[in-house]
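These are the structures in question, set out in turn.
Paired with subunit B in one complex and with subunit C in the other, subunit A is shared by the two complexes that follow.
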Partner chain A sequence: MKFTPIRASLISVAIAASFAVAIPANADETCNSPYTASLIKGQEDYVHVWTLGVKGMGDESDKLVTVDVNPASKDYGKVISSVTVGGRGEAHHTGFSDDRKYLWAGRLDDNKIFIFDIGTNPAKPKLVQTIADFTQKTGYVGPHTFYALPGRMMVQALSNDKDHGGRTGLVVYNNKGEFVEKYDMPTGKHGDVMADGYGYDIGINPQKNALLTSSFTGWNNYMMDFGKMVKDADAMKHFGNTMVMWDLKSMKPQKVMHVAGAPLEIRWSLKEGDNWAYTATALTSKLVLVKQDDKGEWQAKEVGTVGDPSKVPLPVDISITADAKGLWVNTFLDGTTRYFDISDPEAPKQVYQKVIGSHVNMVSQSWDGKRVYYTTSLLGNWDKKGADDEQFLKLFHWDGKALTEKFSLDFYKLKLGRAHHMKFSAKTVQAAALSDKPQMSLAQNR
Partner chain B sequence: MISRRCCSKMPGNPCRALALALAALFAACSEVPATPAQAPAEMSAIAVPLGLPPMPYPAGNVPTAERVELGRKLFFDRRLSFNGTMSCGMCHVPDHGFTSNELRMSIGNEGATVRRNAPTVLNVGYHTSLFHDGRDRELETQAWGPFLANNEMANPSMGHVIDKLRSLPDYGGMFERAFGGRGPSADTVGQAIASYERSLVSGNSRFDRFRYGGDAGALSAQEQRGFAVFSGKGRCATCHLVGDTSALFSDFRFYNTGIGWVRGLPPSTVHVQLTPDYSTELTEKEILPISETVPNDVGRFEITLDPDDRWAYKTPTLRNVALTAPYMHDGSLSTLEEVVEFYDKGGAGAPEQSPLIVPLALSAEEKADLVSFLKTLNGEHETHVREGLQQSSYVSTGSHRY
Partner chain C sequence: MQTFVRHAAKLLAWSMCALSAAGVQGASNPELAPKGPRQDFVAPAPGTYSLPPIQRTPNGRVLDVDGRAYSLQRFTQGRITLLSFMYTYCVDPIGCPLAYATLTQLRERLIANPDMASRVRLVSMSFDPSNDDPAAMRMYAGKLADPKSPVSWKFLTTRSVAELKPMLDDLGQDVSVELDARGKPTRVLNHMLKLFLIDREGRVREIYTTAFLMPEVLFNDIQTLLLEDAR
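After this line comes the complex of A and B, so read on.
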């Protein structure tokens, strides 16, 4: 599909509108697009868990599981809804539409995108639309990150339909679920860096007109048995080693930065005026700071280490606190969550760690940082096997010094499957005016 | 003992002589010896480039242009896997030498493990048996193996695939036009894919021009020295045959090189290259919790149950070998240099290893010459790559839309 002026202008209009009207959108519980319209102030009522079906378990299908997490509810800590979408397609990540009424959920294997109505009754999400032609429209495979733009949804893919490798791109839909445009990730020499064309996450800083992307690997690797892949020297050559800073308004790559070892989740500082973001590299276990230098040029530099890199603990999800002073970092293989003091983003210091389970992937915290949720599944064929294959959703309370477990839901015992991505919702969503929370002027994607 | 190691089970092919004769006939008269109802509308003589013999095909499946075109569409159609993610072309990638350069061993439906490396399908029409273990001898039937294998395309039945084809409007009339009125069936699907695969010829390499084209300058002095090693001290040509008028670089027999046996003996530590500049060592104990039970692989034995065939695999063609890394049936060697080192040391040293594989005592220069020669075997097949890539993406094929 060629880039057409009409489609380009549509996107430009949408993004320009975001600068004119919604700068910056109200932040959410530290992990949504800055264009997400509403903010849960205080206690969330529900956690929605995008869950992978498991062969031989229950209906064997992927499903959106809703858990009541309000301690005042009689159903606190219980599953109150489960919406099966049919089949297994490597359920992975989700993202709210800008109005927070709809949740888009993707599958990395069969490339289907499911849109759930969350706004009408968040206790009972309803599947209202399925996009089944993502690959046919784009040539990309693996719709991964769902990132709201004004009236739009931006999707970062992981792979392609020519060789199932890592070259891929970004896709923009409108809120009706109609394809608008696609953008190939850059390849070739950019400055001194060879762009690999890979993708993973999206993070936008509207004030800086900055769209930052990271890079993982293609279908060949993310669908392969983890142990098999580690032993495959040729497969291991195909992980992303770059991050790309895009000009958001023009959607053109501005700078390609060398960040070795599969930089994954992107978390912008939420403090107004800040010009930096964090990522963690999965293979090399590094914390990387992306920040403007004195000349305003974006630079990526390693600022810390997570665990013992020689043991490949595999940093996965990260979650930044609303005040940008703390960062949770999960390492999958040792099942550990770590808390870093990032008051000085140039010098993160680990101040706490706790083993959450035999393995752990996602971490999501409430806006006030007092409640921290964890799930286990990374990828269907990467999760640990045998007795180590725990699958749960756990809630902990964080008092600034230690995590205290409040409940644990065993997703295998409940015949649900592998618990992956989490999103919060509330019975009554209150919009927060920018003037109420100026420090909330930015947020990032998850 | 030799017969135990060198399986020597060159599959006899009674149709082959006939097919060759038919090929010659068609090349001469370009007519279709079929009933009017079955007569294809257009003949496609498979033009054979320098260095290759005539392309054989069975009398009942003349590779017409329409069958080749239909076969290409089928070969790259991801919809024909159970969950719509896999096609033949996802493992046999056109610009990866019609194999996959990114994986040692393929993966299939839902990431399921396939035990072996995807072989190139360039020149596959010449193979006397198919798959690394030779379990099928006809391209017409071979295609159904991956269609139905749980760890490949995972379709529940032939009928499921055929029903799907009948429901896809963009196939409307293609089968009927290619097969004289016959629609999608187990036979016509196999015949169309076989026709496309037979069309994937690749020859006229620099070696071909040197050896068969009378162009003495087509190979450098080093490459010519490498050919001498290949044919002499290196003993490569014992199994990778080079004829007087053409060369397929394979005898299509089955040998135990020791690679398969060694694979059953996992090392206690694994070197893991995490980035180009950073690696680590992980123990088998550390990898075990993230590993499935590795399926065993006994090679040709699984087909014949003959103990002499344990860990024996088919001799691969070396045409385009520089394009088809990684190497060996399990992709365990990443470069041609590693392959040459492997054979120079006399293979893996397995107790049941073929006696043909012995230490060679090649000098460093001879090994470099040999690698240099192997890189001259890249043939001309740009059209196949271009057409394959065009067909492989939904975006570039409007007819692939749902």
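After this line comes the complex of A and C, so read on.
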């Protein structure tokens, strides 16, 4: 086919113009589902904080708090929205739907799941649906991790309604909030490893058809007073010691790996072709690499320690950089964040540390790694007490050498509650609804 | 002016169709070639896994390339169906052209497996009824829409956005018109690429976005549903 100059020009302009199409990203801001769209690679506008209500404080209820974090905004560093969901049910983690328009947020005690419309106006999230029959449908307790699949949401539970121990499972909903399927975590002997049936986090590598899960503890422990629990020898026996590699397509466990001491957050390297993920163990303070060996078999191995394991600093949230060369690791009990150089994932090196507060739990970084956000609450009954019970959202700037605090929001002074999971959003892209009028032509736009 | 707009749009649509069909797009500029996801695993064998029903497909009025009106259910039941939404002038290499490339690849595999081909249907439905009328869809489809083709591939549109939108919403298929700096609509339709695998009863059994659009997996999923029918 021979193109005339005019037609060729028209086509090239069209191609250039059309490249702004929303790109389903291969990754999100370093920790979300790879199926989630609309990656924010620039400045995030808002941080949404899923917050635990506190008796005697404000409206006493769990709530989704939205903070304006764009330095160009007049409301920079201020709370601009707070959506109360009613009651206190141990608000914990959240996750975006695949189109990033809805945020699912779970409660570990009353097992309710709240779905917020974030896409219409991210500055003012709106509660649009509540799923109240999670346990009745599944027999599981504690909807913890929310991980988008195409058109669906996968939920990792922490416990069950028979003994409130750690045996639990995975649940899939469609994006309408309708139950699709459930999958028990594996139990019994798998190779040389005894599967404990516990669950905690979800991480998917689509290129490998790999779904990796970790393991924590059941309702009996996560709702118990922390000080009481650590003195209870029997309770301390009931923590997860496994990670499971699943075949994502078939949802069948492929390998159960022994990882002692409650392996928690899972972060895959986001680089195309990489075949490894990191986790940190809460009770044994280890960094664990899950990677395929030369034969393609998944192996979990300890590659480093976090702080002094003998002091049980309790590693909690971790955050991997987009280039998979750095890893932030928070330790709850000493309120410290640590940055590891993981250029060689087999040999992580700690290169920086800073005390963020009396205790610290979650860490979330922007895609470029320059902005790092921290919140405090781990679990309502595990947070420190008295003067050490600080509850904040803090933003730091990271220049590659040091963290510099930019703002701190005291969630207690603001009468909001305990600040837990964070998610970013950006102002809605300039867009209009479909119309029956012919779309504006390129000629008209010039 | 409106006449010119429609003419220009159809010219562009035709041009892009010709580009896609001829494979010129990728040949002239590798960066514009549809790029599918990397697959570093062997897809599970057909029939060794199940695909739980995700939701029912919606119903609504659609138009075929001859302008005849039908119920969408006519094209989502009775066969294993792969439904996707597109617009004829989309050129995002990981958008409609990727879906097109994947579907044409699948079509070739189906032609090589005539027993399967007779039980499978491909459906491409337009996001933009104002531009993609039945004639535009016929032009875009070319010989692929030939009723005598060994693989049934339906190219559908709707009379209006009002008729299209409820179907999109029900399937969770987002789409919006991108605006330029002056707030005027451009010719870019923002959407997340989704292909819906639908069983004979009209239930969505799998959804493929760009990160999951792996031809081998897709082919095995179709076989898995066909094996269900055989039981």
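FYI, the second predicted complex is superposed on the first by the 401 of 446 C-alpha atoms of A that agree within 3 Å, B and C clash if a C-alpha of one lies under 4 Å from a C-alpha of the other, contacts with A are read in each partner's own complex, and residues count from 1 in each chain.
Quick note on the criterion: contacts are C-beta pairs under 8 Å (C-beta built on N, C-alpha and C of every residue); 3 or more make two chains touch, one makes a residue touch a chain.
Source: prediction; values computed, not measured.
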Touching partner for A:Gly386 - first (subunit B), second (subunit C), both, neither: first
Contacts of A:Lys427 with subunit B and subunit C, given as first, second, both or neither: neither
First (subunit B), second (subunit C), both or neither touched by A:Gly273: second
Partner chain(s) touched by A:Lys370 [first = subunit B, second = subunit C, both, neither]: neither
Partner chain(s) touched by A:Lys189 [first = subunit B, second = subunit C, both, neither]: neither
Which superposed partner A:Lys124 touches (first subunit B, second subunit C, both, neither): neither
Which of subunit B and subunit C A:Asp98 touches, first, second, both or neither: second
Which of subunit B and subunit C A:Lys349 touches, first, second, both or neither: neither
Subunit A positions touched by subunit B in one structure and by subunit C in the second: 1
For the subunit A and subunit C complex, residues of the former touching the latter: 1, 3, 7, 10-11, 14-15, 17-24, 26, 34-35, 37, 98-99, 101, 149-152, 172, 174-176, 178, 180-181, 206-210, 247, 249-252, 272-273, 275, 429-445
Touching residues (chain side subunit B, partner subunit A) in the complex: 78, 83-85, 90, 93, 95-96, 100-105, 107, 110-111, 113, 270-278, 280, 282, 286-292, 294, 325-326, 331, 334, 389, 392-396, 400-402
Footprint of subunit A on subunit C - complex, ascending: 1-2, 4-6, 8-9, 11-12, 15-16, 18-19, 22, 24, 32, 37-41, 43-44, 48-49, 52-55, 89-92, 94-95, 127-131, 160-162, 164-165, 171-172, 174-181, 183-194, 196, 204, 207-212, 217
List of subunit A residues in touch with subunit B within their complex: 1, 87-90, 109-111, 132-133, 135-139, 141, 160-165, 218-220, 223-228, 230-239, 241, 260-261, 283-284, 309-312, 333, 358, 380-386, 388
